[in-house]
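First up is the structure itself, then whatever we jot down about it.
Chain nomenclature is as follows: A, B, C and D, assigned in order of appearance, with residue numbering initiated at 1 for each chain independently.
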Amino acid sequence: MYQPVREFYESKGFGGRKGFGSRPAILVIDLARAWIDEGSPLGSRNLEPVVENTAVVLDAARAKNVPIFFTVMAFDKAGVETVGPVGKKVYNRVKDRSFTRGTPMVEIDPRLNRRPDEVIIEKPRGSAFWESPLLSYLIGRDVDTVIVTGCSTSGCVRSTSESAHNLNFHAIVAAEAVGDRHPLAHEANLTDIDLRFADVTPVADVVKYLSGLSADGFAKAG
Amino acid sequence: MYQPVREFYESKGFGGRKGFGSRPAILVIDLARAWIDEGSPLGSRNLEPVVENTAVVLDAARAKNVPIFFTVMAFDKAGVETVGPVGKKVYNRVKDRSFTRGTPMVEIDPRLNRRPDEVIIEKPRGSAFWESPLLSYLIGRDVDTVIVTGCSTSGCVRSTSESAHNLNFHAIVAAEAVGDRHPLAHEANLTDIDLRFADVTPVADVVKYLSGLSADGFAKAG
Amino acid sequence: MYQPVREFYESKGFGGRKGFGSRPAILVIDLARAWIDEGSPLGSRNLEPVVENTAVVLDAARAKNVPIFFTVMAFDKAGVETVGPVGKKVYNRVKDRSFTRGTPMVEIDPRLNRRPDEVIIEKPRGSAFWESPLLSYLIGRDVDTVIVTGCSTSGCVRSTSESAHNLNFHAIVAAEAVGDRHPLAHEANLTDIDLRFADVTPVADVVKYLSGLSADGFAKAG
Amino acid sequence: MYQPVREFYESKGFGGRKGFGSRPAILVIDLARAWIDEGSPLGSRNLEPVVENTAVVLDAARAKNVPIFFTVMAFDKAGVETVGPVGKKVYNRVKDRSFTRGTPMVEIDPRLNRRPDEVIIEKPRGSAFWESPLLSYLIGRDVDTVIVTGCSTSGCVRSTSESAHNLNFHAIVAAEAVGDRHPLAHEANLTDIDLRFADVTPVADVVKYLSGLSADGFAKAG
């Protein structure tokens, strides 16, 4: 029997709390048909609650004009058949090209009611920050807190949380608003994320924080 | 009972093989006292085999003049007390400042016999590529294959493997030459790495590949 | 009277030659209507020779199956009205939104006959490498030499050349295939580029190099 | 006779003003012996006023506890003899290895009175942001305004200003606190910087802005 990973890592100094900062943005990771539909090659059947809980977070964010960004893994038609080692691990095995820009598979789930001024970030890899323009959008909006929802916990959610941590943002993962194809991968990675990168925080606490912001999306001075 | 993570993810198209390319480099991740010594706040007691297996890989690499890079997490004295959220997760909780440049805690393990021309990469985060000059060293040496050894599987090894994948290198993890503070974190992350980022490959196969290179460290034309 | 910039800088050790490497790619920077048409807010009237000379380079490259990438500055419709300081310098002053993805202003000049497998890189800033997926395309194709054409010398051409240099590629600028709105900005920046970042090389020499490659775009072993 | 570059570019929509934001940091670029001493291979003889004017900016910044960062181009001893094309342009031509970490040539000019808590950023290329940890220091300190001083205008100052612009900071260059080996390179690049990347602003105005900050270095709410 092993001591649990969390307990052991906490004894080594991991797992501190960052808390919320004063200016959040919401990142909704890859909630498009290619990942949500069971019929899609990469799709998961169990992400309905993730979509619903993300919608709850978005409602609270929109009420305070908090910046919202949606990501999707999408490539230019000429670029989707990725050459080189990166394609051999996953992409080339997906025969129906789920990732082509402008196709239905990469449309954001309509239940999330994306508004025209909520930017879609096309990202070529797991992290929403990798080779994407996300970072400068955040800096230009004075964001110091990144709240992550979407999928998958063991892939793009973890990678995005790590990048947000690396960049020194208050990285927050909305616990019930992230999910994975597989429950064990979800659990193991949620633990790693909380110990190393981002505070895994109940949706209720995220909503409470958002609801306390000023009308333009800043924390009120104490 | 769940279907195993690996089996399920493979059924979705993950876990392809990249194979070795034609020009490797070795990355030895954080095999310094701060991570290896049990007395260190972040140290693990069980990394002896990792050091030994890394030495085996290094012997084979040096015999063929393959480029070798050591990483260490080390900061300038003025920078080690990291300000902001990043410090709250881990660094600020480490009271004795294990990460100061030039201190014994960040010296590479002497059993690895680092040679003067083997570059040390000081990295501020998990991935050896994050905010470090590693990438341009690799490009300047025509490297297309990155072989990762060291620790920790759930932290810097995974992050480095992901970056190498993102950048489109043939990313290889030498299986018995990587380790973690905790065996369950090791196993779960080794699975994720193999499914998503890098081929987890036995040390014996890595050594065989290295031994087949030309004297200047390139794969011979077939 | 001052000593010329070039002469003085060369006396200080700048301006060495990199030469061509063994595996080139061509980058065609921003040869779309928004930059070429005089009627466009940002357009230049004098870039006809740049387009013609780029076409000459492309013919030689295609004959040897050398990878070709076109860049364009284009944004998602929701993202084009850039918030924050970056918009105040240039973008917000361009009232007709020249940069929206999918509009005629950002189409590649038809005289360059882009083929369907030649990837278009949408870049949000000057350098073709900044927040774009270009780099991993190059690494996945084993590229070690980046040949730059297009516009503007004082903007995107210089920035792209600097990034290619920073990353340790053989950076080459095809001299008559780059241009600028203003001849003095062109001259001053071409000098800086040659001293600091990339070998400014006559188109004839670029074509000669390309013509000597193997049919799959690699330099033949000497 | 040509229309001046500035006038022509402004007619095309370039050269807008960003203004100061609400939270500045100062970047002092490469004011170390290797660049200042005339006896150094890369040194300039005419940078005395740059050092003096930088000291004026630093006095005003320290009075308000504004974060200050010094950069220096310095490499690990094993890394200084850069392999690959990057070395051929400049570094390899500098025979006495001016860039080795810990040597007198890379010490910050003592007249700038660096304090122990003012972080030194070792950077391998021109931009202070390239492959360096600078960015996360800025984000962790809520910085939205980057004020640049130091040398050289046509190299590291321009590159740093461009990166700060790309990242969506309020980028400001303190006009009399930056300089170059050559006056024409200085002038041409200062014009490009002001048109494209950063507001070139008199030191007196920078000092006035800094003096108006609160004691912890934030602009007071209007």
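Everything below uses one rule, namely that a residue touches a chain if its C-beta (ideal position, glycine included) is under 8 Å from a C-beta of that chain, and two chains touch if they have at least 3 such contacts.
Values in this document were obtained by computation on a predicted structure and should not be read as measured data.
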Report summary line: If you tally C-beta contacts across B-C and across A-B, the winner is A-B
Query raised in the report: Centre to centre, by mean C-alpha position, how many angstrom separate chain B and chain C?
Result: 35
Requested in this report: Quick one: report the Å distance separating chain A from chain C, using the average Cα coordinate of each chain.
Outcome: 34
Query raised in the report: Which integer distance in Å separates the CA centroid of chain A from that of chain B?
Result: 26
Query raised in the report: Considering chain A alone, which of its residues make contact with at least two other chains?
Result: 82, 84-86, 131, 135-137, 139-140, 166, 168-169
**Report entry** Chain contact graph, described as a line, ring, star, complete graph or other shape
**Finding:** complete
Query - Residues of chain A touching chain D in the complex - result: 135-137, 139-140, 142, 144, 166-169
Query raised in the report: Which part of chain A faces chain B closely enough to touch in the complex?
Result: 2-3, 5, 8-9, 12-19, 21, 41-42, 82, 84-86, 88-90, 92-94, 125-127, 130-131, 154-155, 159, 162, 165-166, 168-171, 181-185, 188-189, 192, 196-197
Report summary line: Residue set of chain B touching chain D in the complex reads 75-79, 82-87, 116-120, 122, 124, 131-133, 135-137, 139-141
